[in-house]
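Next come two complexes, and both contain chain A; in the first it sits with chain B, in the second with chain C.
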Partner chain A sequence: MKKYVFPLMFIIVAAIFALQATPTVAQEPTEPTMDQVNTVAKNLNCPTCKGLNLEDCRTQTCNQWRDQIKDLLAQGYTEQEVLDWFVARFGVEVLQEPPPKGNGLFAWLLPLFGFAVGVGWLVFLLRKWSVHKTPESSAIDPEDNIDVEYLEKIEQDLKEF
Partner chain B sequence: MDGFMPAIGYTAQVLALILAVYAIVFAVMGARKNRQDLILSAKNASLGVTALLTVAVVAMEYLLITRHYQTEYVSQVTNSDATLFFRMAALWGSQKGSLLFFGWLMSIFTGAILLNKWGAVKTLIPYVMAVMNLVLVFFIGLVVTVANPFQQLSFFPVDGQGLNPLLYHWGMVIHPPILYIGFVAFIVPYSFAMAALITGQRGDLLMRTTRRWTLVAWLFLSAGLLLGGRWAYDVLGWGGYWGWDPVENAAFIPWLVATPFLHSVIIQENRGMMKRWNVGLIILTFALVVEGTFLTRSGVIGSVHTFSQSAIGPLFLGFIAIMFIASLVLFVNRWELLESEGELDSMFSRESAFLLNNLLFISIAFTVWWGTHFPIISEALTGTKIVVGPPFFKKAVGPLFAAVVLLMGVTPLMPWRKITSRKLLRQLIVPSIVAVVVAIALPLLTAIHFKGAIMTLAFIAFSAAVMLMEYWRGVSARRRAHGENLFTALVHLVRRNRRRYGGYLIHIGVLLAALGIVGMEFYQVETQQNVALGESFSISSPFTGTFEMTFRGLQQAPGKPGVENTEGLLDVSRNGEFVGTIKPYRELFLRQQQPMTIPDVYRAGMTELYVIIAGWEPDGQSATFKAYINPMINWLWFGGIVFAIGTLVAAWPSAQPARRTSRTRIKEKVAETP
Partner chain C sequence: MSETTTATPAKSSKKMLWLVLGIALLLVLFFVFAWGLQKRESTQLQGAPAPSFTLTSFEGEEYTLEGLRGTPLVINFWASWCVECYKEAALLEQAYKDYQGKVLFLGIDYLDTEKDALAYMEKYGITYPSGPDIESRIARDYRITGVPETFFINTEGQIIHVQIGPIERPQLYQLLERLTGGGAS
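And now, the complex of A and B:
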């Protein structure tokens, strides 16, 4: 399922670009709503607190950053352009999600690679184990295996016995 | 008395350290020379460690309760405003105290192990004792040297700084101890596994003996994680329960490794397979526990720079490295001994389903580990830190968790060894029909249209159907065979195979919790609005309709000492009908000047309207609120409770010496017959 992440991301990125390409008719200078600001802020990190995103942080610095987003949106920046603006000034560190390029790519690739290795190992193991079959008996708990109804019947018979 | 207490506490720590070293030396010597007197002496020394650390903890509590601010730690975590309750809980409120607390809990487990009668695995106990005390030496060593909580200041401060405001919550008071118990209890399976490797035992018996301890450790870890989520939801005010924060992940990763262990150990018991793998998982779980403690205690993930400031960091890292390498060396040395006895008969068997379970969980664990460590790794290697936030984790592990949910339903249908594909297909019919009906009905009858949500809900329906069918089959078989009524049959069924039916109950809990997670991940909506007095704002969700909230004003409310509470009053109406008033508030901790936004909720069945106050104008004429609709969130908490009950059912000690299975009973009957 994970292999779909990349194609999916590609489609999403393509869609974003496609949306950007559509002619923006009459940029009305309306004030961006807080929800619009939050939608962008969600993708950025709080510059001061660890582990919080910009949307949820209530510190002064974060308020200033959110105001900055609001200004940029009011100037007609798209969501991606706002994010780029922040990355250009503060580095990729400000993004919540590692960019799927450059070193950030490793963040995405290694788990995928690990999963692939795991699948390979599983297949190897299954094949190895099922190759040489020797008749051996290992104790399997009947209650874990035999049909419950069958088991109850045995018990019943034993009782009569 | 006050002047003596720090000295008493510190001396107790030092003596505990000496006794722990003594216990290691004498336990190993006693085992080597097979001398019971030496082993007994080591055992008494080890119990002495437990007693001495208890003295240290009591001394620390005394200093905290009496506000002995000259003790540096006390002045950091309490102040004149702190109530008795929070002064006592301050023991685990900061690094030094929590290390002492951690060591103490671990020593209690050591004591409990030594006081237990071990029967067949008794020969392992000296080595178990040695391994446990080795780990204890590290933790006691820390509080004796670089992290001494009894450190005195050269002056007597008038007042202390007090706990971090985030910690003033009942959840924060019980969440760390429960999580810590979960953490330290994994020392039991770990030290038994190490002892088996040292003595060259094959460890089958040991897996059985320590199974219950592992299950208890796992229960506490799970409960700790859930309580942490609940605390975040109630206090942090970001509308969610899990933020993929490094500290949260640090507790989650060992859980993700312990969970497949609990499953694959069943294969070992039944088929004699996966021995190496299981020992590996135990070592890994405990290494991750220690690493998790290190992450949460050193702040290393926040930035590599805090790492060099903390004396504890390098020591911890050194200990983890030594422990892990030593475990691995032993493990590799005994590689041949742990050879698998059984063989796989078919791809369609419970064994292979469990293998898949292991693959999925380990992949999730690795992904979370990698994402959590990527910021430090990227900073160390390239100089630029790349942050890995929640969106990464959701995308990367979400599909894997969905697969786990599906597998949870498939596995019980697969018997050990093999099943013919025809029989398997027959078993799959009913749950598959349920899943397909759910998948078709949801988009037609409800507002659920996201493919991911529909798929996951269909998986949940599939697995839930299997679980219920398993219960139903068992109950009706009993009713037919014994003529019992529904309730008695259920009780007897569960009692006779608690591990199996407790396990199913755990799965049902997980499935219920998954409903809440699906609701939150796919359908949470939020809005932030600035409203003037008397003005309204609204938020809608297809699941609950529209909530309209009218701002009725701000008011000061009585709060904790040293805290200024400002409440925002909101009248709530649902689809035009007034349903009540909610009061989200902001706490301002005056001393630290730190604000906390505490949400208030309106419950609509399993869904919640969750509102926080984000800010206001000084004149109180307008305020900013943030509202969320959290669909099905209460299923998460409810599922958590079912999960805990299921674990208790599976782990509760039985009255009978060992589980008398039908097999043993059949054997007995056969032996009796002439």
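And now, the complex of A and C:
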């Protein structure tokens, strides 16, 4: 009888470990959390309100779209795959940030172009002002057509003063 | 003052060239923005040929404007989240049944999820073909400003009326009569 005790104990312990391991192996896919949904939603525009993103908007349309994100995540889609799905279904306009290609490139380059034009204009103005100021700060050019008598009168007045 | 008198003619002409180029660039930008901001409304299409489209219904059938030439069409843009669309849903379905075989009704589901769209169709008993507007291409071509919007297209493919907002029964049936040649135009 004693010779069966050790193998029996081994089987019982192994069975306990096996039972504990089972739930980890056969785990059901977990439902996406609202944080996960919102991480994707903040990259999308509300389709009906201008300027709001999907994460912040509380309209029925956005609720439905957030549900769609949740469904796709639950099916195993990655964040990027969900965004791609929305672009394929509703167009590139749904993205908060347009991709830097095609018409979207215009949205990225225009502010840079505006900035460059602004800086260029500022440099032009500053250079223009500095050129104007230089002759004013220099001494009077004797070749300038200035009334000599008037100058002598001023100097005389200054001496008297 | 002294600067202008000392500047060489070559320098001033170069400056002038830059100024002209700058102004020309600003003008181009201004016209590009003005063109982008101009109003594009669906009502502007009234009397014009209907833009061509391809719609794949939720059942998987494909409909094109060219393929439907010769049949009067009623195209209704709708969405399950659109409260105003509820008001005309049952009326459109009734009209579709009344004019079955004479006028084809097509529903174009705008910015909607399929699950909610199908639930909406079931709730209101919509049986005429309806499908999603992929990438909102049809909505863009038809310049819709929102939903619901309904387009009435005659056998020649010309838009005879654009209805913005829900349509009422007398107007709908009057327009259907016009499409089928039964009413005053």
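Structural remarks
By definition in this document, the second predicted complex is superposed on the first by the 88 of 161 C-alpha atoms of A that agree within 3 Å, B and C clash if a C-alpha of one lies under 4 Å from a C-alpha of the other, contacts with A are read in each partner's own complex, and residues count from 1 in each chain.
Operating definition for what follows: contacts are C-beta pairs under 8 Å (C-beta built on N, C-alpha and C of every residue); 3 or more make two chains touch, one makes a residue touch a chain.
Since we're looking at a predicted model, the values are computed, not measured.
When both complexes are overlaid on chain A, the residue A:G91 reaches chain B and chain C alike.
Of the two partner chains, chain B is the only one touched by A:G104; chain C is not. Once chain A of one complex is fitted onto chain A of the other, the partner contacts of A:L126 are limited to chain B, with no touch recorded for chain C. When the two structures are aligned on the shared chain, A:M34 is found in touch with chain B, with no touch to chain C. Of the two partner chains placed by superposition, only chain C is touched by A:P47; chain B is not. Ranked by how many residues of chain A each touches, chain B and chain C are led by B.
In the superposed model, A:Q60 lies in contact with chain C only, and not with chain B. Chain A residues 91-93, 132, 141 lie at the interface with chain B in one structure and with chain C in the other.
Every residue of chain A that touches chain C in the complex is listed here, in rising order: 47-48, 59-61, 64-65, 67-68, 71, 88-93, 131-132, 135, 141.
Chain B makes touch with chain A in their complex at residues 236-238, 243, 245-247, 266, 269-273, 301-303, 340-347, 352, 355-356, 359, 362-363, 366-367, 370-371, 374, 378, 381-382, 384-392, 395-396, 399-400, 402-403, 415-417, 473-474, 476-478, 480-482, 496-497, 500, 526-530, 595, 597, 614-615, 624, 661-663, 665-666, 669, 673. Across the complex, chain C meets chain A through its residues 2-3, 79-81, 111-113, 115-116, 132, 134-137. In the complex of the two chains, the chain A residues touching chain B come out as 1-2, 4-5, 34-35, 38, 43, 45, 50-53, 55-56, 58, 91-99, 103-104, 106-108, 110-111, 114-115, 118-119, 122, 125-126, 129-130, 132-134, 136, 138-145, 148-149, 151-156, 158, 161.
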